[in-house]
Amino acid sequence: MLQQSLGASLTTSGGKKNHYTLQPHTLESLQNCVSFCHNNHLPLQVGDLPLSSLYFSEKPRLILDVSSFNAVHHFPVDDLLITVDTGMTALELQKECEAQNLQYPLWFPDNWTQMDILLSDQPSLETGFLGYPRDTVTATEWLSPDGGISHYGGEVVKNVSGYDLNKCILGSHYQLGLITRATLKLAVPPEAEHHYWLEISSLEEGYGYYQSLSHADKSEGTTPFSLKRCELLFRNSHSSPGTNGLFFTLSDSLDSLEVQAKRLPGDVLKLSKASARKWMNTLMKQSSPIRRGENPLSKTHELTMTLEVCLPPLKVFKWLHSIVNRPEIKPFGLQWRMAAGLIYFHLSCLEDLSSFPFWFEQKEALYKHWGGTLRMIQAPDSQGQLMSELNQAPHPLTRQLMQQWVKTIDPHQIFTG
Amino acid sequence: MTTDINAENLADSPFDLLKACIHCGMCLSTCPTYRVTGSEAESPRGRLYLMKHLDMKHRGAESGTQTNERITSATGILPHLDNCLGCLSCETACPSGVQYGELLFKTRKDWVSHPRTFWYPLQRWVKQLIFSHVLTHRKWLVSGRHFYKLLQRFGVFSWLKRLTWARSLPWVGPALALAPVIPHRYKPLHPGLSFGNTSGERVALMLGCVMDAVYNHVHWATIQVLVENGYYVYIPEQTCCGALAHHAGEEAIARDLAQQNLVSILHSNPDWIVLNSAGCGSTMKEISKQFAGDTVFEEKAKHFSEKVVDIMVLLTKKPLRPMKKRLSMTVVYHAACHLQHAQKVRLEPEAVLRQIPGIDLIPLSEPELCCGSAGIYNLEHPEISADIMALKRLDIIKTQADVLVSGNPGCLLQFAAGLRPQTTEEKPIAILHPIELLAEAYGYRGYLPQ
Amino acid sequence: MDVLEEAILEQFRTAVGERFVLSSPEERLVYDCDGCVLLKAIPQAIVLPKTTEEVSAVVKICHTHNIPFVARGAGTGLSGGALATEGGIIIALNRMDAIIEIDPVSRTATVEVGVVNAWLNREARPYGLFYAPDPSSQSACTLGGNIAENAGGIHCLKYGVTVDHILGLELVLPDGDVLWVGSQTRRIDGLNFLGTIVGSEGTFGIVTRAVVQLLPIPVHIHTMLLAFDDTAAACRCISAIIQRGIIPAALEFMDAFTVNAVNQAFSVGFPDSAEAVLLIELDDKTSLGLETSLEELLSVVAPFKPSQTQHAKTEEERVQLWKARKGAVAAYGRYLPAFYLHDCVIPRRHLATVLAQIIAIGQRHDVLIGNVFHAGDGNLHPNILFDPDNQAMMTRVLKAGEEILDACLTVGGVLSGEHGIGIEKSAYMSRLFTPEDLARMAGLKRLFDPKNLANPEKILPHRSSCGENNTATSISHPLFTQHGAWI
């Protein structure tokens, strides 16, 4: 009966009896589903962004499956824009674009949905060069928890008409509802992309190498390195060979790439497309809260937690030096998106759970003295509450205002649990 | 396009010049009085707006029609117009080409007799007296200078400066604050003197009032540099240029003086009429505007205006003879408003200064900003003037230069007072007229401080 | 509206100092409009605070006495955003003009909002950095005003608008509390309030400080001018450039009327006979990169047969070209003393059709329209010239404006790209947004400003009568019927 009134199919999922998946096929039935939960104060899980302990628990709940919302709504190729339903996955989007010889500028793992990407404003490997997902959005359709729909923007690249509701919903982690449709800016793809791996033995070495890659621009007459991704991976000095290094991508015309390749140092390893793709997948999954395709009830994530620090890019190295010897973060694995100033710490939960107070303290210090931000993007289930506390805006009044806004939009907390 | 609108419909009467202002606000950030007061009523756009209302009221009263500008009054508006320095930096900034100076001086002239305050008639009488009877008599000025030196020697000024009541007197207080230390050297110049080879181009040198009384040595430097470069320099019969009267709206006095100068100077048949004072220069250059439409003098005035030239501009007309002496120093150039905004002389002075061997010219970050002197503005509006000087001071001190040069006596006086070191660590900065550096570089001595 | 009562003025004087409360009729009069001369409203007083604490104190007084307040910078806005239409006071922030810090390592600057856009650039230049958004009024407009309107500018095609360059903000809420949002990075903690506060036109409170992003000055720049005999060809050329994936630093359009006005004003010698002129600027970190993209650009442009191609050979020539472009609007002053400027953004593919419609509208209503706009962004700027003293012309101008707006909205355009909604376009908001959208926006406004004191009646369309009717004209137009504004 519920199925009929909501216009969505209802199935049990994940082999768990008390987990029900709702799969609406039209916007109207999606609206119905959301307002049904709103009216009945039922928690509703959408997407794969664990927000609270709800995501992990075995408590009864509804899961919203938006996979049938994956159509291309409008594709004005001339304007380099595309309007899609946000159930569309990254792979589907890239395929649509490729057909017109275009490209969505940010690369994401194949099965991630636009909804997850946009609502987490997830930095991609290209973010230091091409911006955040929020920079690529010109219009959204926003379904709020009460079932209301608002629109903002259009197929225009510049817009100050009224309050920017796009900015409001993008990156809101489902706290304010769903983005059901979005207009995205596209780019003309480069002729080719070449991926490289360079083994390093210390952070200094990696940083120095990145600088030589990005600063080589200044010398006259040489082709600059057209860097598109540059990620430094570092476990610690005792880790096995092959794990510490710099993954980077150059993208340009074939001729130019050939010239650039000659100027790379000899010990650089050129990666095949397939292995680069594998790398990119791992790098993205490690640096994101999106757990698409993972079993939420598996216990693997109990073992690690991941923190993200963002600083002005040129300050990162100095900051790292200031904390690198702190006992709380050893042993650590580090992933550094150099151009964006993003660093991800992969910590082992077994040993580092006690370090939470340290990170609260660091967040404060980062905010006050370094102008940076800190958030936890993956944490053990048991720490869900602590994690969401850590991830709030640091200024108390700002935090209060944000909470008030969430409460106005979603009074029964159907999304946040 | 079929339409009855065209540019000719505008600008028939001077007050239609007001229509050129599109209220864009590009002038605001360059206006010194707006910068220090923060009030748009003290900005060019605000003043134009007020002028417009003044004009509408005026016309409304004349034609008997009622205007809806009931809340404002002339007495309320005029002080804002009086507060204008007349630096005209807004004209430089204006993309619509609004002739702000023209409008301001016209309005000031039209309303000069309107009493703003109780004391205004008295103030005006004193000013008129000074403009028409003091500044015009060289004897007065020269004896004034000697008297001043005498007082200075006996320490009268430093004694007066210590008296609170004296400092608080209008005019006197600010004058005391400015009171310059006048150099001892004074070699009188008077009409009839001439220098250099008669075969050179004939250059008539205007002496001015303050310039001659306080900066007499600048005239000598001017003569020396011009003679070095082959000009024939002479001092024609002349009177005050009338700039102060013109800016105060006392048009009758200004015109009378201009007429005298016009006749006597043109009579001496100069190739150039050269000035080393930017304020005088801009007024003299605009004589043609003053006499536009005058049956007798229009042609003459046009002829006259064409010959008027600032010393620094004249020096760019021909390549300079090489200078022998190397002056190793860092220099900042302050462009007097009446040079850069009123006369639109922007590049020439720096081009000339760069030719002096050894000089390192440091740019200011806000070269277009006034120093707050503006004729006698610093006496009439000491607070605003001091605030503007403070802004300018920051910019100049930052450069750590040895010398500041400026081509206007008003600015020189203002800087002499305003740039005195405020702390012991602060490096003192010498204040000179640019021509003094040139004279020094040509081997003449005594212009640089010890 | 009459001046505020003396007791309240006295409180303001205590808060900011005697000299910095303006209340004489003349002083209030000059604050009755901003860069948009169409609409006027005399404030009840003007307060000029110097610090955040003073702003907070002033706002608290307003909050206690329910006095609306409007923040104002240099008053160069073009949508009437800085007018005290509901009475109340204007809080002018131009005295808050300190550049607190320029940090060349973070490539950020911390500024007070009264800092003029061009001053920041002047101070950043020695570090090899610049602040990218460059509205035409940049030599006068304040960063606070830029933040309020989310200002764009000529070089925003490549570098993005103000919101893309603001990293952190200090906001004085309408009850006087002060909060910070953002950091020195582009990563956002919590909800993105930063992005909504930028562009909120002072309706959420008063932004007093900001951390802005600075970028390295591009070393190699090439500016060129292309003249076309056919407007449609010029528009197709714009699309072709963008489609090829070339992102010029700037891509600007001028029509024949504007070219004439600019030639008169600045004697820049633009080709007089051209129907349309494109100004294109390319920049790059290396000369090689610049050459490559220039070559590519020229090959894209060639099929559209520009009648003339001029390259700026020296820095002076380049500066002159941009000076002419930035001064274009003011150059219209040589024809008529005022202009009514729309700011629609349309999908680029519709440029040619909409431009043709605008020309037709101008002819139909017998008004002069000058088009000079950010073509690369599809951000139109039709300037309808008028004489405020000519009532008949005013009616035609407003009618033409409305038709242009409709033409833009029909093809999927939006009301404003960089000037903001202000009071001037708020009546049109319901043509673009559904009641639900507007309700959502109103909810956001209520969150920040429950008492509706911060710049009331701006952006969102409001109740249609406001008690007293000041309409001195008989013009029937949403602008006037709704707000009772007068000319």
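We call the chains A, B and C, going by the order they appear; numbering starts again at 1 in every chain.
The rule is simple: contacts are C-beta pairs under 8 Å (C-beta built on N, C-alpha and C of every residue); 3 or more make two chains touch, one makes a residue touch a chain.
Everything numeric here is computed off the predicted structure, so don't read it as measured data.
Colleague: Work through the pairs of chains, note which ones touch, and then classify the graph as line, ring, star, complete or other.
Modeller: line
Colleague: Can you tell me which chain is nearest the middle of the complex, judged by mean CA position?
Modeller: C
Colleague: Please tell me the distance, in whole Å, between the geometric centres of subunit A and subunit C computed from their C-alpha atoms.
Modeller: 33
Colleague: Which whole number of Å gives the spacing of the CA centres of subunit A and subunit B?
Modeller: Roughly 63 Å, centre to centre.
Colleague: What whole-Å value do you get for the distance between subunit B and subunit C if each is reduced to the mean of its CA atoms?
Modeller: Those two chain centres are 37 Å apart.
Colleague: Can you tell me which positions in subunit C touch subunit A when the two form their complex?
Modeller: Going by the criterion above, the answer is residues 103, 105-108, 149-150, 152, 156, 160-161, 163-164, 167-168, 173, 177-181, 183-196, 198-200, 211, 239, 242-245, 285-289, 345-349, 374, 377-379, 412-421, 425, 429, 432-434, 436-438, 440-441, 443-445, 447-448, 459-460.
Colleague: List the residues on subunit A that touch subunit C in their complex, please.
Modeller: 76-81, 121, 123, 131-132, 134-135, 142, 144, 148-168, 170-172, 175-176, 187-188, 217-218, 220-224, 308, 310-312, 314-315, 341-342, 367, 370-373, 375, 391-395, 397-399, 401-402, 404-406, 408-409
Colleague: Which of the residues in subunit B end up touching subunit C in this complex?
Modeller: The contact residues of subunit B facing subunit C are 1-3, 5-7, 10, 19-30, 34, 37-41, 43, 45-46, 49-50, 53, 68, 71-73, 76-77, 80, 93-98, 365.
Colleague: Could you pull out which subunit C residues touch subunit B in their complex?
Modeller: Residues of subunit C touching subunit B: 19-20, 22, 24-31, 33-35, 37, 42, 46, 48, 74-76, 92, 94-95, 116, 118-119, 122-123, 137, 139-141, 257, 265, 326-327, 329-339, 362-363, 366-368, 385, 387, 393, 472.
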